[in-house]
Amino acid sequence: MKREVPLFITFFVGTLLIASVFIPPAESWGENFSVYFDIIAVFAFFLGGGNLLRIHLQKVASKRPDWGYSIVTLVAFLVMLAAGLFKLGNPGGISGNLTTAQSWFQILFQNIMSPLGSTMYALLAFFVASASYRAFRAKNRDATILLVAAFIILLGRTPFGTMLTSWIPPQYDLLQVPNLAIWIMSGPNLAGQRAIMIGIGLGIVSMSLRILLGIERTYLGDDR
Amino acid sequence: MLFRVAIAFACLFIIAGVAGQPAGDTALAVQQTIAPVTSLIATNHEYDNGTGIDLIWVPSIDDRLAPSRVTGYEVWRSVVGGSGSRIAELPAGANKFTDEQCSRESTYVYSVVAISVAGNAVSISTAPIQPAREWINLHRLNLLAIAFLVSAAVIYFIQSARSGKKLFVRKIAGLDAVDDAIGRATEMGRPILFIPGIQDMDDVQTIAAITILGRVSRVVADYDTKIKMPVSRSLVMTAARETIKASYMAAGRPDAYNDDMVSYVTDEQFGYVAAVDGIMVREKPATCFYLGAFFAESLILAETGNSVGAIQIAGTAMPAQIPFFVAACDFALIGEELFAASAYLSNEPKQLGSLKGQDVGKAVALVVIVVGTMAATIGSAWDVTFMNQLWSALKVVFQTN
Amino acid sequence: MEHGAKSRYEIPVLIAVVTLTLVIYVARHAEWFGYLQLSAGLSLILMLLVAGSLIWILIRTLDGNPAGRRMVFLYVAVAVVLPLSMQLTQKIEVTPEVNQLYRGLQALPHGAKVLATFDYDPGSAAELQPMAETFFKYAFDRGFKVIIMGLWPQGPAQANMALTKVLSEERYKVKSLRYGVDYVNLGFQSGNEFVIQRMGGEFKSMFPTDYNGTPYDSLPIIRNVKNFSNIDYSFNLSAGYPGTKEWVLVGVDQFGFKMGAGNTAVQTTGMYPYLRSGQLIGILGGMSGAAEFEEITKYRGKGTKFMLSQSFSHVVVVVFIIIGNVAYIMFERGRATEKKKKA
């Protein structure tokens, strides 16, 4: 019974939503279900937030390795929660608007959240370089194609690429590195992207059918 | 001088007055310096819930001058037996509008006002019209047919697999490596890290990740390896816990299961990445799985995993992130392979049958792409009517709206 | 034991990082960086020095000492940071997709209503914020009415940051642009693509008030904007989901408005199919897209400045790819064939 009820709900709601695409009066159902999902997800946040608090409090209490970081996490979590939810340090008080520049929430967001997010994203520059250094090696035919394409795209985006091949006469200008880079992006890359997208689309159909028909039930914790 | 100013004020006054209430008789009283729109027709908007009415008209003749004397159009609507109101302002050159705020119970009359600096011109009103509701969207019949074809193929192959027919499924290296990767972690006495992407349970990629987690955690339970799963969504946390718990029960070791195997970190993308990177650097997992929907964090995670010497198996259906996983991980599941993974790992005939059904869809796509490309090329190069028609027909069939 | 050894390093490193951050923060606000601008000649000498040291690394590699990850990181850091204080400019070639976007904007009449949607957060601001600033400058100069919204919670805040910056410039101060008349920020609404779907019916149903809580109908700029049919153009800045793809599939496909987009470099490759099919009118891809947009609109700003960093780091990566391949061909490949022979 514990498995049958969720399977029935999945089948019923899934079929209903597929049908709603083709039935104009039912078109808004998909939207409504999405709103229901959001509501459930909001309540589920209490579980997540609670779990975060519990794990880190335990870590601090038992002074497990690296418990100092847990204190940072707890303080950051509670301060931001107080500034956002209880509008602590908000000029207009609890009924005021959080978007005013002087509120603690905005100050924390602009001066801590924002630079920290940018910092993590900026790590990409370093990791792209180290990944390219390691992965773009002419190990076999496929890797060599990858290497050549990467090389052209990277060079094509720099004035160096323009300089290198500007001597090529205009009638063969496709062979100039920047143009080759554009061609790779809008030719082979585009074709590959579309093929992958078609594959993904069909994969989703097949996976959804397995779930709707109850053949795939691992996600319910059923391993039969 | 004073006389001119007085005239200018008078003109302004009239314009302001007209812009305020054009549908009334006062509008007609003003000297019409531009021609109104003509042939205004209102029709029911097809295939909706009875909320839309389409308007189409021929723009004012003065709108065809260059530069146009018309500055824009206003659409006015009045309910029969009620008052009128302006429902839209459109730029010059506009010749159609869809009113999507109608009610099935009411009857409406529309008029369009051409606006110019010199004065406004009101069109003749439409005949009263009541929007109608349709029960089936015939515009999407093609989509329905394609969906039926693909679904029927999937179900057919599931059935034929159930009846014991042997099906060939190509090898997926990344999935064949799962057992070895878990075995490695067991030998080294280090944990396994499982990242199910950063989207919630309403994303089919996350569901695919959780189905694979079911298979992975079963092996983990058998081998008695440690698994760590920091997640960025609360619902994913609860779903993953259920899945792992069931795997431990199936392995006959419910006592070894612990809720802390799965922990919630944060919904914030880069905050989550920072936390996971920290876990990787501190705990040095022997094996990392990245399966699900990933964005910019894909490479940050994969490179950190690589630097701590983990074997990495990744899979995503985000086309932009696939190259990063291919470059930085030992094995990468590309697009559809993520969705096929659970079926592949289960090795159950009926699950594998569903993969076979996908191939029918691919065959159709392949044929249509080849035929369509040829038809478009030949048709435009040599102006072959039949080829052009074929191409247009294919476009109609595969258009989604 | 091991843990103790680790924490011995951690605290000095932490102190060093915090100090450096504070110094940079103070320097930025005290305008110290103004003195650090290197002349063109000095910049070229520095670049040659970097190039020379890269050749040295190549020679070391040939001698059997390939560079490690940390060396790559160091060079990327130098390549990114150094050009920021160089007085060099780089010639920027405008690609067809940026040109297309610009032509789409040019075709709009004075006073056109433009929906600017901000679907990103501070993480990707480095790439997208310059695009936002250029877009606002262009829009205000052309007299467009700009309606701002976001499907990401932080999006509208990013828009406000760009707005504040642009409006503080003298050129726009004198225009005395008014909130609610010339531009408006509707704020964030949750629900991802369903927000777009519902906006197809009525904007007001999703945004009963603007970002500051002012009722929709009391804002002159949008009083007569019912839905997408009253919008002349839509400009989307996106860093993921929901983003350009959702705007195309749900918005453009169903409601048929014109749309151009700016994306992070990583995401741009995935948008090319929509560009080719005509569902998108032009796209700005990453930092180079931002720089090209500045080039074509003649508002040179951050994008153009950062472009030098990007080009420099691209060249550094290319050189390291060459070094990596030299090392591979000289040493590892030989080892791999030896292993095969033994087997």
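Should a chain be cited, it is by its letter among A, B and C, assigned in written order, with residues numbered from 1 in that chain.
Operating definition for what follows: contacts are C-beta pairs under 8 Å (C-beta built on N, C-alpha and C of every residue); 3 or more make two chains touch, one makes a residue touch a chain.
These figures come from a predicted structure and were not determined experimentally.
Two chain pairs, A-B and B-C, are weighed by contacting C-beta pairs, with A-B ahead. Taking the mean Cα position of each chain as its centre, B sits at the greatest distance from chain C. Chain A and chain B have centres, each the mean of its CA atoms, that are 15 Å apart. Between chain B and chain C the centroid-to-centroid distance comes to 23 Å (mean Cα coordinates, whole Å).
Within chain A, contacts with two or more other chains are made by residues 34, 65, 113, 117, 120-121, 124, 128, 130, 132, 134, 136, 193, 197. The residues of chain B that reach two or more other chains are 269-270, 296, 319, listed in rising order. Annotation for chain C: residues 69, 121, 123-124, 266, 269-270 touch two or more other chains.
Within the complex, the chain C residues that touch chain B are 69, 109, 112, 121, 123-124, 200-202, 224, 226-227, 229-230, 232, 239-241, 253-254, 264, 266-270. If you check the complex, the residues on chain A that touch chain C are 30-31, 34-35, 38, 65, 97, 99, 106, 109-110, 113-115, 117-118, 120-122, 124-126, 128-130, 132-134, 136-139, 147, 150-151, 154-155, 157-160, 162, 178, 182, 185-186, 189-190, 193-194, 197.
Within the complex, the chain B residues that touch chain C are 51, 86-92, 97-98, 100-101, 199, 269-270, 293, 295-296, 307, 318-321, 400-401. Those residues of chain C that touch chain A in the shared complex are 3, 69, 72-73, 75-77, 80, 90-91, 93, 95-96, 121-126, 154, 157, 160-161, 187, 190-192, 194, 197-198, 211-213, 266, 269-270, 272-273, 275-276, 288, 310-311, 313-318, 320-321, 323-325, 328-329.
Across the complex, chain A meets chain B through its residues 18, 21-25, 27-28, 34, 37, 40-41, 44-49, 51-52, 55, 65-66, 69, 113, 116-117, 120-121, 123-124, 127-128, 130-132, 134-136, 146, 193, 196-200, 202-211, 213, 215-216, 218-223.
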